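Heads up, the next two complexes both have chain A, just with different partners, chain B and then chain C.
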Partner chain A sequence: MDTSRSDRVHDVVVIGGGPAGLAAAGRAAALGADVAVVDAAVMPGGQYWRQPAGDVLAGSVTHLHHGLSTYRALTGQLAGIAAGGGYYPRHSVWTVGRDESGFVVRALTGTGAGEYEVEIRGRRLVLAPGAYDRQVPFPGWDLPGVMTAGGVQALLKGHAVTAGQRVVVAGTGPFLLPVAAGLAESGATVVGVLEAASPLAWARHAGAVLRNVGKLGEGAGYARALARHRVPVRTRTAVLEASGDGVLERVTTVRLDRHGRALPGTRTTVEADTLAVGWGFTPQLELPLALGCATRVDVDGSLVCVVDDEQRSSVADVFIAGEACGVGGADLAVTEGEIAGTVAAGAAVTDRRLLRRRAALRRFAVAMHAAHPVPSAWMERLTDATVLCRCEEVTVGRAREALLLGADDARSAKLLTRPGMGWCQGRVCGYATSCLMSAWSGRPASPASMAARPVAAPLRLGTLAAADDRAPG
Partner chain B sequence: MPERGTDVVVVGAGIIGAACALYAARAGLSVTVLDRGSVGAGTTSRCEGNILVSDKGAGPELDLALASRSLWLELAAEYGADRFELEEKGGLVVATGEAGMASLRRFAVGQGAAGVTAEPVTPDGLRAHEPNLASGLPGGVYYPQDLQVQPVLAAASLLAAARDLGARVVTGTEVTGAARGADGRLTAVHTRDATYPAGAVVNAAGTWGGDVGERLGGSVPVLPRRGFILVTEPLPRVIRHKVYSADYVENVASDDAGLETSAVIEGTRGGTVLIGASRERVGFDETLSVEVLRRLAAQAIRLFPFLADVRLMRSYRGFRPYCPDHLPVVGHDRRVQGLLHACGHEGAGIGLAPATGRLIADLLTGAHPLVDPGPFDPMRFAMEDV
Partner chain C sequence: MTEPSFTFDGRPVPFVAGQSVGAALMAAGIRSWRTTRVEGRLRGLFCGIGMCFDCLLVLDGRPNERACLVPADTGMRVESQEGTGHGHLAV
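Moving on to the complex of A and B:
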């Protein structure tokens, strides 16, 4: 298949069709800009408004969703962009380059040998790549039946499928509640929600919380659903180990002290066929990093992009919105998207309410991260036999050998013992490897050292070569 | 506060610095290794780990390569091949046209006279070596002496062996300059945080050797030559040897500053297939070149058609340290007493590392040199300026 080329140069190319991307595209289009939206998913909405193909939130999964009026407004604007030939669903961007017209977004579409590359050009970019579940290893996390909370939620929202019959939901953060509530409402038995944080964790952040009562209301709704289904929610509790004969059968849990360390004598084992784990989220930074955008380490330990008050990155004409500039949820993503889309379209942000809302939601996000840290004692629960990198089957003990060979950061550990070298390219194990190397070597954590992935999505060599065969000379 | 002084300070903890440190320590010298980054984090981590004789014509570099290959085998016998993941992989050079076949044969005859085992391969014989090669290729030459190591592991293991002999390795510290005595001789190396007294200093900073040389008072003309490598998804072992097209040899020796690519393909222990090689002089430009990636992919598919359906998982780029005459600089800097250089090995640093380290140790101790150091004399460029 040939690469599809077009001479059209959009004013704004938005990459990502989740809350931030849709909001940016809608604003920019409303201001008269020629907008393109490039999104890997079949349906718009990202992870937050994920849904089955063709459903358009018509029926089967609407009870799982919030903010549907916002969603309908945004997809209404997207329909206008699509009518103008600017909507590219099922297009995974593998790299972004530059030419004399501005940016060249190279996306893959089609499957198998029918995969081909599409080039989309634009003068300005809005990157809204979103985030994925942050994971830390524990004994047994590589057993079938252990999943990410986001993966469980995607099955539910995207395919109306419950991941299992008896489910434990564990980790930390407000995202655990909708996952558990969705499962319970869909007929699964949720054995328990294990929240590592203290129930009092939010008390210190009353100010940030009071300015965002709407978000609390959302949480209260989930709590009511969980109560209705008699789902126990245990705070200061974490998974110690998952076990079973080839598949998950049992989950061993433990109570934590206020430092996140396991309390002796508090082990409990429950039977479960599915364990959904989430420790917050890791922003997806392949494209910003490939473009050279400056980054920083956020309060939750994630590598995020630096943006100014108008969502500009450090690279001219590149705007970033949503989780990639700091994990903060869908409402913040929509607000940042609206600001980014406005400025990318060449207008000024005149609506001060937008800026105030962003400030309040960011404060809320900071409070959320402070209340839901990944308890660093997860490292104490590892054994040398615990798998660190599932793709390359690298154990914690093996990674520790890298230290003896002189490794002092995550990248050297990867180069010497292969964590992060496999299919996921460190998306799953990068955070944990960086934390472990820091703890072992005494040097600061180095999330940036494993984050660069110049090929943002895998592609067939035949697809890559196709354009070369057509090129003159 | 000065650190403890040593006979030698080696600047650079890549493969060359590691080999210099080990052979100096084996010669009984006390050694400190300094690196601004981590062990093997520079060009050592950006290559395939080749130890090749197949790509070198008769001459001083081939002599160094043959001596170095023997030392690699010695090191593997002494410390264990697994410490380096050393593999006797063999190289298969494939001609892509009849004219190319003729010149490849001539090249191989010259190599044979210099001590390289080079076995001509018929068109049918190609498939016996590599069952998945494209049909219709005119033949090639098989080089059983070509080896491979895991380069970062190899550098780390050489340094670990040097540490066992008392060497000290300090990473995350950048060399900023040097102290000289009244007679002009180097007496110490300054880093951002400390001073390391030294009897001699070895510049093993690879692609950054020019810059480090200048900081130490003796510049060498080492410049970056960028290359990209494609890494596929993991596969069963489908490619047995290092396989490359005959035009690779010409590109290595070329003085063209523009982009040159030739297919260099091999499988790894992890199951991934590595695809190179490109050469271009664009300074330290780190941006991904889609054009280079496309050409590498197209050339690889021409040799191995099944690769068209294999997925590219990642790519990386590195900057080879090259000198204008494509030979490394190894030896004393006669402008600055106490300064030696061991850099500029272009794309052959892994292969040439042990012999370079041995040669440096020989020069430091006054032992009879392993090979004639004349062709690698760092002063061969400086002389032209005088």
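Moving on to the complex of A and C:
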């Protein structure tokens, strides 16, 4: 296991190649800064502009994308950074240390036995780690065929593969619509879109919506596509159970009252080979937390980073942009990235329109979160046998036993019964475990207790063994 | 020219350049390729973006590779994974 080092110290190292990271890198480079972009993916774009790695596939998915002109402009700027030797695709950052020159970003690249570590140095950091689908458990959610909505979308956008033939899309939030529309346009039968929220939920936020009419247009486009394919969209409806013999075969749904509770006598079972579920998004905070950046709980219940008006975190020379500052979508991420990149390059934000756009998009995000909450009644649909932690196969019943052993928060439950102790380190079950322990114990939810992960990407012991005394401290 | 392919548990699975191993398996109608350590339950793709580690498989003899992240390559030997994937080390 080798480590590749260079004496080059970049002015700005951007971690993450999605909308926020690309925008930050582009702005900083345009201002003359020596920029590096470190990204885990093969292709730039993050989850939002996920691109296939091969030429054959690339042409087949462009119709699924929005804002491609912005994407092309940003990747054009990235090409300049790459020409200067500053682009590191397929590099997973596992930790960030410091030395006398500033930050030392330590990333892994290569597969299997060919894996090695690369150190990238920089005076200032822009963290743009993005987010992944938020999940809550339900009976049968570990059957093959049940996938996250983002995973289904990634298969389609990144690999031109439809996840199944008969698909149910469920959960809450505007993201369900492009997922369903993309599947329908690609030949799958979308049995239904089940949105837990009320159709009137947005009406209370007319102001925020009207200031962002472009977003409404995008939503209307998906709605037209769904109508064209006769895809039923059912509001106040949720999945009660997924079932099948070793693989998903049926989805049982139920209507919800205005508190998100299942209405008696409204069960329906449909045949499906794929269920795509998402309940909003969870920001990926491993690196900000490891660096000591201050956090807060956002209106959607997610742990997010505290930043000032110029996207500065609480740690000197560390800027944060995009979903890690509050889930708000790609347009907001790009705007925050532009601001972060400008300031990280040592310039001032003179374009007031940028700040106004950020404010309007943040108001829209708050309205979105208010219109699409995760109704806490999902907990009533669990049984003792429902899997809570997929990695360690901890059931809801086992986690409840932790209460009897004296645990009163998610962290104690994790130590006693292991939810969140497996491969994914609680990324999938952290939110649910935190909610459940809070509901059972009567104490406030503690998302922070499930979010700290000292190693941001999995690494082999050989990598640690090869790391010398300059390890981060 | 023949389609590029890798083998999954001995049988050929075609892929298009740029697809992950997991995507190619799904396109071939293969929905699961791992059993869990405790209950022996079937698992396949869940998050699809490298977060959840449900899609682990054995790649050229190395267990615990994420199918959703590894780009498919001609001649790869892909195998389903049971439990920890270290069964071959049992004595």
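By our rule, the second predicted complex is superposed on the first by the 460 of 473 C-alpha atoms of A that agree within 3 Å, B and C clash if a C-alpha of one lies under 4 Å from a C-alpha of the other, contacts with A are read in each partner's own complex, and residues count from 1 in each chain.
In the analysis below, a residue touches a chain if its C-beta (ideal position, glycine included) is under 8 Å from a C-beta of that chain, and two chains touch if they have at least 3 such contacts.
Computed from a predicted structure; not experimentally measured.
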Taking the superposition on A as described, I'd like to know which of chain B and chain C A:Ala407 touches: first, second, both or neither. first
Look at A:Ala113 in the shared chain and tell me whether it touches chain B only, chain C only, both, or neither; answer first, second, both or neither. both
Between chain B (first) and chain C (second), which does A:Leu354 come into contact with in this model arrangement: first, second, both, or neither? neither
Scan A:Gly150 for contacts with chain B and chain C and give back first, second, both or neither. second
Once the shared chain is lined up, is A:Val366 touching chain B (first), chain C (second), both, or neither of them? neither
Given the touch rule stated above, what does A:Val270 touch, chain B (first), chain C (second), both, or neither? neither
With both complexes superposed on chain A, which partner does A:Trp423 reach: first (chain B), second (chain C), both or neither? both
A:Val247 in the overlay: touching chain B, chain C, both, or neither? Say first, second, both or neither. second
Residues on chain A lying within both footprints (that of chain B and that of chain C): 113, 392, 422-423
Chain A-facing residues of chain B, complex: 13, 38-41, 45, 152-153, 156-157, 159-160, 169, 171-172, 230, 232-234, 270, 272, 275, 287-288, 290-291, 293-295, 297-298, 300-301, 307-316
In the complex, go through chain A and note every residue touching chain B. 95, 97, 106, 113, 290, 292, 392, 404-409, 411-412, 415-416, 418, 421-423, 425, 443, 453-455, 458-462, 464-465, 467-469, 471
In their shared complex, at which residues does chain C touch chain A? 16-20, 23-24, 26-27, 31-32, 36-39, 41-54, 56, 59-60, 62, 65, 68, 70-71
For chain A, which residues are in contact with chain C within the complex? 40, 42, 47, 52-58, 111-113, 132-133, 142-148, 150-152, 154-155, 158-161, 163, 246-247, 273, 390-393, 422-424, 427-428
